[in-house]
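To start, I am sharing the structure in question, which I have written as structure tokens.
Chain naming follows the written order as A, B, C and D, and within any one chain the residues start at number 1.
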Amino acid sequence: MSVVTGGGLDLTTEQALWLLREMLRIRRVEEALARSYAQGLIPGACHTYVGQEAIAVGVCAHLRSDDVVFSTHRGHGHALAKGAPAREVMAELFGKATGVSKGRGGSMHLFVPEVGLMGTTGIVGPNILQATGAGYSFQLMKTDQVSVAFFGDGAVNNGAFHEGVNMAAIWALPVVFVCENNQFATEVPFDYATRNTDVAERARAYGIPGVTVDGNDVLAVSEAAQAAVERARSGGGPSLVEGRTYRTRPHAEGMRDGGYRTVEEIDAWKQRDPIADLEVRLLDRGIATQEQIDAVRQEIEEVVADGLEFAKTSPYPEPDTAALHIYGAS
Amino acid sequence: MVTAVQNGTETGMRELTYTTAAREALDEEMERNPRIFVVGEGIGERGGNFNTTLGLYEKYGPERLRDTPIVERGFIGMCTGAAMTGTRPVVDFMFLDFALDAFGEMVNQIAKIQYMSSGRLEMPIVLRGCIGIGGSSATHHSGNYYPIFAHLPGFRVVVPTTPRDAKGMLKTALRGSDPVLFLEHKLLLNAKGEVPPVEADELIPFGTAAIRRPGTDATVVAIGAMVDKSVQAAEQLSQEGVEIEVLDLRSIAPMDEETILASVAKTGRLLVVDEDFQPCGMGAEISAVVMEKAFDELDAPVQRLNGVFTPVPYSPVLENAVTLSREQILQAMRDLMAE
Amino acid sequence: MVTAVQNGTETGMRELTYTTAAREALDEEMERNPRIFVVGEGIGERGGNFNTTLGLYEKYGPERLRDTPIVERGFIGMCTGAAMTGTRPVVDFMFLDFALDAFGEMVNQIAKIQYMSSGRLEMPIVLRGCIGIGGSSATHHSGNYYPIFAHLPGFRVVVPTTPRDAKGMLKTALRGSDPVLFLEHKLLLNAKGEVPPVEADELIPFGTAAIRRPGTDATVVAIGAMVDKSVQAAEQLSQEGVEIEVLDLRSIAPMDEETILASVAKTGRLLVVDEDFQPCGMGAEISAVVMEKAFDELDAPVQRLNGVFTPVPYSPVLENAVTLSREQILQAMRDLMAE
Amino acid sequence: MSVVTGGGLDLTTEQALWLLREMLRIRRVEEALARSYAQGLIPGACHTYVGQEAIAVGVCAHLRSDDVVFSTHRGHGHALAKGAPAREVMAELFGKATGVSKGRGGSMHLFVPEVGLMGTTGIVGPNILQATGAGYSFQLMKTDQVSVAFFGDGAVNNGAFHEGVNMAAIWALPVVFVCENNQFATEVPFDYATRNTDVAERARAYGIPGVTVDGNDVLAVSEAAQAAVERARSGGGPSLVEGRTYRTRPHAEGMRDGGYRTVEEIDAWKQRDPIADLEVRLLDRGIATQEQIDAVRQEIEEVVADGLEFAKTSPYPEPDTAALHIYGAS
């Protein structure tokens, strides 16, 4: 689905509700996963995307299903926004055979190539390079597909960022690099990890366009992403989009969240909730009615309830499948 | 070659967890040597993802407990240069899987600089962190990889399994001039055990295996989390009158051939139990060494029992399916005795 | 399992160098499949540091012969993503030593993505380049490292030694869906040999060893540049009435256990000759496999002959001292017969 | 030796002759090595520094012997400028026991820690990280030593540059990053390998000072280096110095030099010879006399003749030393 925002003004109701629905879907899935984690239903790590929904949704609004996304350890939101079924994402975290990766991956290894979610990764960095490589494929095959890398502020200092963005730049590959600058890498503040916290400005070093947007404003993200995706799709090469945002839950479920940031700071960012913000603006501008919003909310409650039930009741994978698919068929 | 005898009759022993014991070693050595510093993600104020440095930041400050950006290649290369210029870095890499991004630095630089400089430069760097399968950590947080470093000249590689060894071997690492990979199996971090008093200042030398259970009928060499499981399996078999000697390899490189060969000379049978992959692994090396040096002592072919040759899956059901259980080890012991 | 018979009586054979034969394979496959592209430093107009792509830039243009910045991790990671999205990258990394900077990408990504995606993604990537000691290349341009990749699930690893194999195995690599390390020993690049006509379109399957010299008294498994030296040593010993069977392992992973075991069943004696390091190397794996599967066939313990366990020095005198000579191999053969 | 140039004007004769002597020493050693290579006397690779002498010399002019240098595959010049004896550098390339690395290293592995030459490397990149680490040592030990990384334009795109410079920046380490931008990495032009060939400008991305100088003007290099070294020594943190230069010989001896650049271009750069340029300026400004210059030239001829003789007549290492020193004594 392609959303033309033009500053968020000429948004159709349908488009607006898509943005809302997707953000809500992520939020509610994450909240359900967090509860499930606390209940001991999720055996491994669980990094939620709560607070950052506007970025995945604002970007994916401009992607076709044959466009591709390469995501991180914090990838539930990207998977969902790109079209992964909520129940299969949830089942994956439960370690079930019905999960997107058949229970092999868990939170950090979601693969849904059918909808262009080419994987999330437990290692910081590689997805930036892989997104660049997908861009290479599209250029070589002369398709008009676009490749997107999502990554955190923590990845910006890593060599993979430097090498990947540079290659995309010199070969003018159809790639959009989306930095989700939530200001911390685990507990290490970005302004400790670099003396230049202006990620978009890094684009200069590679000779490509860079832009910073409010990562909690889905319309702002969408507008910036639209330009970047169109540039990529039309042969204009890569761009770097930085969304300034904040995760309002701990780095991973079960981790403490103190010491490195204050409760006040977290609360202040919770006030800037991208979902509530969109709802208010849609109502204010008459783009959607309260009934329509309520209907979306109701729809999402059902999706999540269904997903949770599905995740809980699905079977575990068969132990004898544990070593399949290491090598390809041929 | 001395194999540590841990008979529990020593005085002043304290019960510590593996992580606490290792942290005590680090603390003692940092106090002793102001040139030791630690780098890693979250090892400063936070005290380390696995509490490896808890409390040390307050004691030694930010220069000696240095939080880093997510630049594994960068900080390992950085520490290479530091080690070349008189300080003694400890790289706390969290999971060995992450440190693979620095493999070029490790293999081309760290392992070679003493040699290339004809011994005029030293390379006293400790690379420490987690290995192993467990807790649904999935494929990017479960690697073992130690045979890779044993294959290459230049490294010392240890996989301690007890709190006492964790402490004593980390202290040894922090006093030597060679690069050491100090690898901690994630399932052992909270294991408890007796540790000598601080005053003992115990250093456990590399290149020594430990006899965890004496026996006469067959030898098992086990590594990491497999040691305890093997001892348990051996206890069970003991009820049937079969006495298995269980060696904890603990020093991967150098490897204690002497203790292994002495045990095989006694028992005539050998099984290597290793969670890590089979091809070109530690079992292969041990089997080949025994082939070369004790062929005539063997009453049966040396056997290997390894984790399944596959990336590590997440789901507990699958994770279980690729690691080794006590039952599998027991079965392998029985099979060995039946040969 | 078929081991290629190369009896030289086939028609249309041409004498080509190793590099030319491999380049012919690349050219044929690139012509056949427009999704193949090559990346590397100087593999465009320049035609490659080792002439691996000479003339191909003119034929296929810059998108398919893509010069890169010096970013080994970058372009290998980049090609990982390309392979995931429908194209077929060939990474021409010049020296395997350089590609170690991309080890994390190889081990955590390339080797695991087919698995993690449950077979929904393929990983048809060929990583090719030089290995081996020779020409005073010194320690950053002489690595072998193949047992490391054999240790890990997910890779296919080949070390062809003849022009015919170089061509046939590269073609196999370029048609499969698995990641392949295609490793070319630097001393073999200019070796000449017979190669079937283009029309033959010969693919040499992985997982097959080649019998380079039949024999009955002992088996030698040799790798890379050691194959020819072993054949020469065997010829010499033949004059003394001892007939050694020399196998060229050529496929490191998968490894052709069947041919090795069949030969050992015949000869009862085995020596593995490998320039690469001994611990946890190919010889260890072969020795362990023979221990497990052919213990009773052995008339003597399996022996390993490896290059010296040291970083590779520069000076010809030192370089010589760390590699294996024909004389050393001959001596090892004699020792094996004397056991 | 510390040279205060102040625009090259308040240079003492002694200082000026040091710069000249060092550049000449490098030039003549390299020429002798190139001839020896052609004669088959050098068994391995040989990357000469001809044309780039002003950079090593201009920088090392400000280094003490306890300062350290981490160099590249093209490291003869750095070794010599840092104080390595010419005869031992030459003997190393001949593979002799008397070489700086006792014949173990050859052209790409020169180690003279006694004078602060901490190694050259056959792999592009690591030396940048190692120089950063030396800076870390000096900061921790509270010495006022300075660490220098020399590297080519080709290394700038590599992740090691990105990660190393960033670490030095955030910890304010006493490091000087010296990029020798000779416009090619082997045969790949820098303006192919990046869309932003302004290396000094990359400093912005890391929040540190960056400066571009004429890399063929030893006084300009010296002036920039002086500022950077003083900043590092006094706790001001790292800087990036880019010297624009050109290698006038092939990438390595024995390689062809055509195709990727023209004879005219090479000739034009040969006209900008840093050694001839310095001589003219010293004479013009009356800082040195022709006799003094001739004496330096004569001295260097002798050094090189001696070095060549030494390299030729020195013994090869004993084969049984091949595997010594893999591990340390303790």
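Just so it is clear, a contact is a pair of C-beta atoms (placed from the backbone, for glycine too) under 8 Å apart; a residue touches a chain by one contact, two chains touch by 3 or more.
These numbers come from a predicted model, not from an experiment.
Farthest from chain A, judged by the mean position of CA atoms in each chain, is D. A count of C-beta contacts for the chain pairs C-D and A-C puts A-C on top.
Between the Cα centres of chain B and chain C there is a gap of 32 Å.
Per-chain CA centroids place chain C at a distance of 38 Å from chain D.
Chain B and chain D have Cα centroids lying 41 Å from one another.
Each of residues 68-69, 71, 73-74, 97-98, 101, 104, 108, 115-116, 139-140, 153-154, 309-311 in chain C touches at least two other chains. Among all residues of chain D, those that touch two or more other chains are 101, 104-105, 109, 121-123, 125, 157-160, 163, 166, 170, 192-194, 326. Of all the residues in chain D, the ones that touch chain C in their complex are 43-45, 95-97, 99, 101, 103-106, 108-109, 121-125, 154-155, 157-159, 185-188, 192-194, 259-260, 316-323, 326. Residues of chain C touching chain B in their complex: 72-73, 97-98, 100-104, 107-108, 111-112, 115-116, 139-140, 143, 147-148, 150-154, 253, 255, 277, 279-285, 287-288, 291-292, 295, 298, 300-304, 309-311. Residue ranges on chain D touching chain A, taken from their complex, read 157-163, 166, 169-170, 192-196, 201-202, 204-208.
Contact residues of chain C toward chain D in the complex are 41-42, 45-46, 49, 67-71, 73-74, 97-98, 101, 135-141, 308-311, 313-318, 320-322. Touching chain A in their complex are the following residues of chain C: 35, 37, 63-64, 66, 68-69, 71, 73-87, 89, 104-105, 108-109, 113-124, 153-154, 156, 175-178.
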